[in-house]
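Here it is, the structure, as structure tokens.
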Amino acid sequence: MMQSQKEKAELIREISGVNPSKCMKCGKCSASCPSFQEMDIKPHQFVSYVLHEDIDALLESKSLWKCLSCFACVERCPRDVKPGKLIDAARQMVIRQKGADYLSADEIPELLDPELPQQLLVSAFRRYRR
Amino acid sequence: MYKIAKENLSALFQTIAETKELYLPVKISGQVNFAAWDEEAEVSLETLKTVKSPKDAFFPQSETLYTCKKEGKKITIDPEALKEKEFVVFGMKACDVKGLEVLDKVFLSDPVDTYYAARREHGIIVAMACHEPEESCFCKVFGVDCAEPAADVSVWMVEGTLYWKAGTEKGEALTKSVESLLSPVEEEKKDGLAAGISELEKLELEKQKIRGIVEQLPYTQLSLEGWGKEENLDEKFNSPKWEELYHPCLACGTCTFVCPTCQCYDIKDYDTGHGIKRYRCWDSCMYSDFTMMAHGNNRTSQMQRFRQRFMHKLMYFPVNNDGMFSCVGCGRCVEKCPASLNIVKVIKAMGGDQ
Amino acid sequence: MSIEKTNEFRPKIVAFCCNWCSYAGADLAGSSRLGYPADVKIIRVPCSCRVNPMFILRAFEKGADGVILCGCHPGDCHYTTGNYYARRRMTLLFSMLDYLGVENGRTRVEWVSAAEGVKFSTTMNEFVEKIHSLGKNVRLEDLRCRN
Amino acid sequence: MQELVTRAKELLADGTVVRVLGWKRGDLSYNPEPAYFNSQEELEQFVYDGFCGANLSKYMIEGSKKEGKTLVFLKPCDTYSFNQLIKEHRVDRDKAYIIGVGCRGKLDVEKIKAQGIKGIQNISGAGIEEDTDTLNIRTIYGDKTCTYGSAMLERCHVCKGKEHMIFDEEIGESKDTKDADRFAEIEKIEAMSPEEKFAFFQKELSKCIRCNACRNVCPACSCRKCVFDSNQFDSAQKANVDSFEEKMFHIIRAFHVAGRCTDCGECSRVCPQGIPLHLFNRKFIKDINELYGEYQAGADTESKGPLTSFTFEDAEPGIVVERR
Amino acid sequence: MQRIGVFVCHCGSNIAATVDVKKVVEMAALEPGVVHAEDYQYMCSEAGQAKIDAAIKEKNLTGIVVCSCSPRMHETTFRNAAKRAGLNPYMVEIANIREHCSWIHKNMEEATKKAVILARAAIAKVSLNTPLQQGESRVTKRALVIGGGIAGIQTALDIAEAGYEVDIVEKTPSIGGRMSQLDKTFPTLDCSACILTPKMVEASAHEKINIYTYSEVEKVSGFVGDFTVDIRKKARSVNMDKCTGCGVCQEKCPSKKTPNEFNRGLNTRSAIYTPFAQAIPNVPVIDREHCTKFKTGKCGVCAKVCQAGAIEYDQQDEIVTEKYGAIVVATGFDVIKLDQYDEYAYSQSPDVITSLELERIMNAAGPTKGHLERISDHKAPKNMVFIQCVGSRCADKRGKSYCSKICCMYTAKHAMLIRDKYPDVNVTVFYIDVRTPGKNFDEFYRRAVEEYGVNYIKGQVGKVAPQPNGQLLVQGVDLIDNKQILMEADMVVLAAAIEPNKDVRKIATMLTASIDTNNFLTEAHPKLRPVESPTAGVFLSGVCQGPKDIPETVAQAGAAAVKAIGLLAKDKLLTNPCTAKSDELLCNGCSTCANVCPYGAISYIDKEVNDHGIRETRHFAQVNSALCQGCGACTVACPSGAMDLQGFSNRQIIAEVDAICR
């Protein structure tokens, strides 16, 4: 089912539990990010993309697969925005899209590729086991 | 003597209700109390003791006495109309009927309480025998025979049949008005082939059975020795036992409000916005503002209030009313006191005094 | 008076207004000629926290069809904290009334500042309309007070 | 139970306490009464069994005024009330020596009678040490049995736990009796339509005889003079004159104890008309928990009650409608 | 029974055009207790007031109702009129039939009917009014200022200049506060000490000012106009009268290992010390915790070298009890602890410092004699990085939710000073926003950028990593270039958030003054009464109320002084008689009311009462009418109805409700 950008933004907020309007645009997330150089959309931009409901661009971004899920940005964010969780949620959305939402655990191995961060697998399992 | 099958009782009630108000034990939200009958009412004649006694029917918990109305600066007073319509209280027990005798002493002696008198005049009592007395009953102590309730009409319920016997003119009249539903009991006929006894004999057996049970009840042997006699009044009043007994009392009014003989009331005004309704309502000697006067209260401690209740029932009332106690042994207070206090414990504790 | 004789339902509405904000807001509505139905009668209290739940029940007892409490906006209380207490008290009271099956909508709390004459007037218009839609209060009245 | 008596005698003997507040054996098998014991001999009348439902903490308001220390026996749920009374300066902690007693649920004779059991002569199985789930009841009309659980007070089915919140020493074992959700009844009513709710409460409250037992037994209702007895609000106070008066009384009664009610259940226990009064108090407790965070009155003696505190972000009263 | 007079005002046509005034008079006359009713064109006019006067006297009225405009307009007018006629002014009630009736309704019949009801409500209320007297309480003409920083000094000076005695209580050995630690001040760059020291001297020399240094407020009782305060004068171990301030003792003291608080622990001091050279009083104290004499009993060098014989090891703490009419809180601030900010390596590297530490480093009297150098190796830095908003504007528990307000400006100041004095040092500032509202503030910041070449980068630092070579690797972001930045720095300066002094909580409790979740003292009204505490007689000066820079602090200090002077200038305080009152026979002392009172006006006493013949000692609430402001929060909190509000009593409000619903 096609979702509007607005719905996707809603979904990403829901999955991540992040309220992007809490961001004060200090950039500490990007300042902390070890994968910053390899990202096309930077961590602080993630927050702003969700805020502005530009989700498709986010989902197509290669940053999703560059984030190490180290959560330095989550730890250090002074506003408790948790950009890392947004990235995590965006990845979930991509995976769900591919597998038509809520794929089962045994479908995951074939989706694996060497670039995929391990953290993603862990969180994917956590989610799909429910 | 008449009879009617249990299953026809609702027709009986219907017939009575066509011309008269009918009050009888009705179950509402799990509790049985006397209430006006209607077709939906869940009548519960099996209930031995309603929570409140049926004294409400004659002496309601609250009743308006008169209404003052104000127009401009003028005030008019309209007394509340006295009861004019006949009503039937069905299913009162012997102790409850005895309770009315106590109330009569208070309200019908000079000056007569016209509101009460009107209700007594128009009220027809159908009293029922207690077929399964319980451990809290002690009516026999006060000379009540629960197997033989004396009222306008007395009824017994034996093996699915209600036996009906009118005892007064009012009772005869009521019987007449429902005669079509009743069938006469034939005294000679030995209906039960196996038993080989007449229905009247069967009824007598039932009464004996009841009296047998009463003998087994734990409170039946209670002694009233020393109570009700003027010469013991000071001694009882001054007994140190009161100080020990009253402690658990919460000063709630449960005992007085379920009691068939408590007759104290308060008179209050209610501002309706258009005038004043002056009403009276039951009061309780357990309350700290009972008989409160401008200077305060002459009974300042709960012990004194507690003592008042029992001294009244067991001393002052009988002393002033030819030995008639104002307790009938219904046992409602025994069952309902939140602190498990009751008149029996008082009688027992103070019994050893003399 | 002839109004009483018409059959149209005219609700009785009591509005408790705090002296510092809402009463002044009502004054402003008046001086700005912002009308609302005459069914609303205002009682001045020093602060919304002065309003005892018993006052509200009393109003219903005596025949009110709606009761509204207006106070300073949270954070603006003249006494700094009064409206916070009022807020909790009223929330719990309203919830209890709802639980007892009293139509919710018969009671309302609105924060109206001294500058919000418009809000006062709109609020009262809305509230009267709501009470009209609910009709006469029968679940919380004292029958003795009926005419 | 004998252990309690022995310990009470010891404490009397060594002068730790000058009197004991406990329960005295009744004249029927199910009607023990709260009582003071001033000597070791009087303690022979002491009883502690399933019918000792009375919460003794409120008696300590008077107890605190007496000379010397009073030994008071408190069940786990009673200790919440005691704490709350300390918080409100109604009892003197130093005047009380508290023995926390075990509890395996308290019994309600009305519940036994409701099962059609009449003419009770003796009940066995109600003792605190008896480890049986069955009550054997001898009646005039034959021997009967019922399960312990079926005769238990409502409050014991939703027990807050068998831990004493305050005590000097603890004696006796407890048994967990919780087998129902504390708020299930409330939720059931909340889910009704306004008409159903109104009809339900109208019916229940129509039974009220304004005896004030619920108020007088309540440890939180410790006012010297209840507002309903004062002339400020001219309430009918003791007259059941109009259905409004009952509603007013019960709403305000619950409101006055909101945030202070420990949910001890005494109000429901004592109501002669069997009105489930806890439904009012518990509604407030549920609302407070949901809106202002979990709060258990009487869990301690210091915390500020929910109606004497606030947060800037508290819900607006409109939430009542929004939540529906 | 009251004898009530009703006066209905036409207000020209303002009321009379939509309300049938005559009808209102006619209907009001029928109400119980009403013995007089009349109408007039303008009730508030002299002629109108004369009518009221005449009626009160002729008809012996005990209460009056004026049906007119809003009580907010003319309640005082009519109260005064009543007073002149010999009637208690609180026996007056106003029915607002203009703003709440004639002006908003068009239909005359409806408006008239409503006016009648409003009149009835007022009549019902006034029937229950009781004469109230304004209370009086005396004012002690002396003020206490808690805290001896610039805020406290300024407040004290202003109060003293107005001719009132002032005591300053300062916890540390000298007055001066935070400002004495600063090097230069923005935006003028004048030397902090140069402008502060004269003020300190002035305060200490002022005949009306008495300074308690090394002292703390121990206990406060009483209320506005009449506070009683216990002040603990901590044992200084040095006789203030004998000491000449020569400083020999400090030189000779063998115990010199104590971290120097004044220099933020960047160097050490002796156990006997004055915090800084310009300290007032210039009398050292012995820090007993670190003094060898006190620790081991051996030493006593200071006593030996003191020519004046001022050293007194056996001095004891002393409690001074004083009475005050007003109390000003000026407890100031501190910077927050940074141990939670691991990412900035504050605890790991001595070269990561706070801005306040930089102040000391830059100061000629500081640990480096004003020479900019690294603490670790005393080398001059080449690259310096400033990080803004460390702990400010922070949603998590490590920091503070608010903006500390002064950091943007002092960082610009630091950057500018460094670039000025050491042009070869590169200065980079990582900022989130630069906030410069203030006179000449933005110009100042722009100068730092444009004239002094300070490199401002919009973005935050994620990590500061100390390198083996002693350098600090700073990883930040430039949000404008969308680039991550890695740079080496010699020193990193953190603009740490400021927070109220820790002791404020204790002091607020003593004063029953309220504080917010951040421990700032709450003002009586955020806009209109910003320097008063809700507790009467307590005023707020400086950062204890919220973040401020020096000029704002001084301005507020003056404002607080004026408020205090306004109070002290009165001989007696007239108190609002519409206060809460507890019925001692009903109160059970449960303390619920005290828990909701915002003014600390309720206390409890044990007193013998006679309750209808029962005599016993009871514990019950008492309202201090000088403190109570009459909000009524307590009246509703009180379950037994023991607490009632005079002028708005339960029965009065209920009477109004009844009259309206009738």
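In this document, chain identifiers A, B, C, D and E correspond to the written order of the chains, with residue numbering beginning at 1 in each.
Definition applied: a contact is a pair of C-beta atoms (placed from the backbone, for glycine too) under 8 Å apart; a residue touches a chain by one contact, two chains touch by 3 or more.
Predicted model only: the values in this text are computed from it and were never measured.
A.B. asks: Along the graph of touching chains, what's the shortest path length in steps from chain A to chain D?
C.D. replies: Tracing touching chains, the least step count from chain A to chain D comes to 2.
A.B. asks: Go through B-C and B-D and name the pair with more C-beta contacts between its chains.
C.D. replies: Of B-C and B-D, more C-beta pairs in contact link B-D.
A.B. asks: Farthest from chain B in C-alpha centre terms, which chain would that be?
C.D. replies: The chain farthest from chain B, judged by C-alpha centres, is A.
A.B. asks: If you average the CA atoms of chain A and of chain E, how many Å lie between those two points?
C.D. replies: Averaging C-alpha atoms per chain gives centres 46 Å apart.
A.B. asks: If you average the Cα atoms of chain A and of chain C to get two centres, how far apart are those centres in Å?
C.D. replies: 49
A.B. asks: As a quick test, compute the distance in whole Å between the mean CA positions of chain A and chain B.
C.D. replies: Between these chains, centre-to-centre, one finds 78 Å.
A.B. asks: If you look at chain C, which of its residues touch at least two other chains?
C.D. replies: Expected reply: 53-54, 58, 62-63, 75, 81, 85, 89, 142, 144-145.
A.B. asks: Note the residues in chain E that touch 2 or more other chains, in rising order.
C.D. replies: 596, 637, 650, 654, 658, 661-662
A.B. asks: Mind listing each pair of touching chains for me?
C.D. replies: Chain-chain contacts present: A-E, B-C, B-D, B-E, C-D, C-E, D-E.
A.B. asks: Where on chain A is chain E touching in the complex?
C.D. replies: 22, 24-33, 36-37, 42, 44-45, 72, 76-80
A.B. asks: Show which residues of chain C lie in contact with chain D when the two form their complex.
C.D. replies: 53-54, 57-58, 60-61, 74-75, 81, 84-85, 87-105, 107-109, 139-144
A.B. asks: In the complex of these two chains, what residues of chain C are touching chain B?
C.D. replies: My answer: residues 62-63, 142, 144-145, 147.
A.B. asks: Name, in rising order, each residue of chain E that touches chain D in their complex.
C.D. replies: 585-592, 595-596, 604, 611, 619, 637, 639-642, 644, 650-651, 654
A.B. asks: Inside the complex, what are the residues of chain B that reach chain D?
C.D. replies: Result: residues 28-31, 33, 48, 51-52, 61-62, 132-136, 213, 216-218, 244, 247-248, 250-254, 256-258, 266, 268, 270-271, 279, 281-284, 287-289, 334, 336, 338-342, 344-345, 348 of chain B touch chain D.
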